[in-house]
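Take a look at these structures.
Both complexes shown next keep subunit A, but they swap its partner, so subunit B is in the first and subunit C is in the second.
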Partner chain A sequence: MLHSIDITKERCPMTMVKVKLKLSQIEKGDMLDVLLAEGEPLQSVPRTAEEQGHHVEEIRKEGAYYHVMIRK
Partner chain B sequence: MERKKLSIVCFSGDFDKALAAFTLATGAAAVNWEVKMFFTFWGLNILKRKTGRSWIGSGILARVFNFLMGGKKTLPLSRLNFGGVSPLLMTGMMKKNNVATLDELIDAAKELNIDFVACEMAMHILGVKQEDLDGHVKDVAGVATFLDVSKDAHIVFI
Partner chain C sequence: MIDFTQSQLERYSRHILLNSVGVEGQLKLMNSRVLIIGAGGLGAPAAMYCAAAGIGRIGVVDADAVEVSNLQRQIIHFTKDIGALKVMSAKDKIEAINPDVTVEPVRAFVQASNIEGIIDGYDFVIDGTDNFATKFLINDACVMKRIPYSHGGILRFNGQTMTVLPKKSACYRCVFHKPPPENMIPTCSEAGVLGAVAGMLGTIQAAEALKYITGAGEVLADALLTFDALPMNFRKVKLRKNPKCAVCSEHPSITRLIDGQQIVCDLKK
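Up next, the complex of A and B:
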């Protein structure tokens, strides 16, 4: 199942907090599409997702933002 | 993989320092650290159920102290407080810039299952009981317990 979250309006630490809470709500095997801005979110979200045992399948630029696809 | 641990001693009841403590706590929990927050002395004000000024506590002095210190809504800014106006202005500026407010950070800390522990000794001095504090406070403990649960954790004092 595909879920999505937009953290482009969030600031530290809520960027990471929102992704963490969303990942905790979805089922294992589900995909989360995180829309985020470059800089700290783009650096931290994929890295910490991998550290927590999730799989980052794709990072795609769209306009000024990025889609980070995380498989739980 | 073993989770990293962070224990934060929330000693200060200043608005800005509470923000720093909860930012660090929620940020760490969001990247999967196991986080405990230990509230002592002025830090207890952040957790009082009565968020404004109220006469809680046992004994006249304790009641006066608690009234003057107030709760979460009356935390002073550590500098340039201007009689309590600055924390309100600061919260407005934070909202305008999409930065999480103290209330939002505290709610996030609860959602992230961060443990809140209240200092037994400070509560005793101030005559504050566990029922006077936020329901998320699961434990009232002393320094020995705090050190024991934090023995392989990073400890930060704010």
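Up next, the complex of A and C:
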């Protein structure tokens, strides 16, 4: 299943807190599409997701933001 | 599904960010019950950190009223609380820190006759008492009811603490056997304590409770942590379960709770 979350309006560290909550709510194997801004969120979200055993499958730029695709 | 309000997400964000706590660990804290025996020097900081952490239910046991001499270290009580019951003063502060917490004030001293009923239903107990007889009673009751607990003691500039996982790790009685003889117990003039030392020890006990509930790291089981705040030395001594322990061994000689002699300094606490 594909889930999505927009954290472009959040500030650090709530960016990561929101992603962690969302990841806890979805099933293993599901995909989470995280829309985020460049800078700190783009640096920390993919790295932290990998550290926690998830897989970052794609990072795609769209306009001013990025989609980070995380497989739980 | 796990969910938090926006306010809870922000309140607990620093826990959620920790990999070994996270969303699941915070949920465990919110669904847990911690009992704090003694709302004094150790119980005060322990209760405040448990409250801030969002422990779902916090029981506080104490029969005393707040006195001015308490305020040097019992930081949950304020000057305006002098004369109020410690459990009610503690309840006010816990609720002020975190309205999510349910507080259960118990106006009593734990004794052989009431301790089992008081500790029943809690996931973890924090011993914040100030006399040997009660420390042994708490140990024995927690071992018999299989409730993990944190032992703590302070005097002058020194502190000691251990976490007991009943039947799995060394208990207080495995190590200390029985209360020390009366002439070994500090007299009134020797019973001073640096306020911040109480805060250090009570805070370690709170951390142990939070670690036990979330499963983060390893609790201070089979070990005694001691510190001397004068040179600020910390020492961790490894312990082993005593196979002949009077209470936690296979064939215990203590099978029911009895009140010890309450050898406690008359100095106002």
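As a convention for this text, the second predicted complex is superposed on the first by the 72 of 72 C-alpha atoms of A that agree within 3 Å, B and C clash if a C-alpha of one lies under 4 Å from a C-alpha of the other, contacts with A are read in each partner's own complex, and residues count from 1 in each chain.
Going forward, a contact is a pair of C-beta atoms (placed from the backbone, for glycine too) under 8 Å apart; a residue touches a chain by one contact, two chains touch by 3 or more.
If you're wondering where the values come from, they're calculated on a predicted model, not measured in any experiment.
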| item | value |
| --- | --- |
| First, second, both or neither for A:K28, with subunit B first and subunit C second | neither |
| More subunit A residues in contact [subunit B versus subunit C] | B |
| Contacts of A:M16 with subunit B and subunit C, given as first, second, both or neither | both |
| First (subunit B), second (subunit C), both or neither touched by A:S44 | first |
| Intersection of the subunit A residues that touch subunit B with those that touch subunit C | 13-14, 16-17, 20-21, 51-52 |
| List of subunit A residues in touch with subunit B within their complex | 9-14, 16-17, 19-21, 44, 48, 51-53 |
| Contact footprint of subunit A on subunit B as seen in their complex | 1, 23-24, 26-27, 29-32, 97-100, 104-105, 108, 111-112 |
| Contact footprint of subunit C on subunit A as seen in their complex | 13-14, 16-18, 20-21, 24-25, 51-52 |
| Residues on subunit C engaged by subunit A in the complex (per definition of touch) | 1-4, 9-10, 13-14, 16-17, 19, 22-24 |
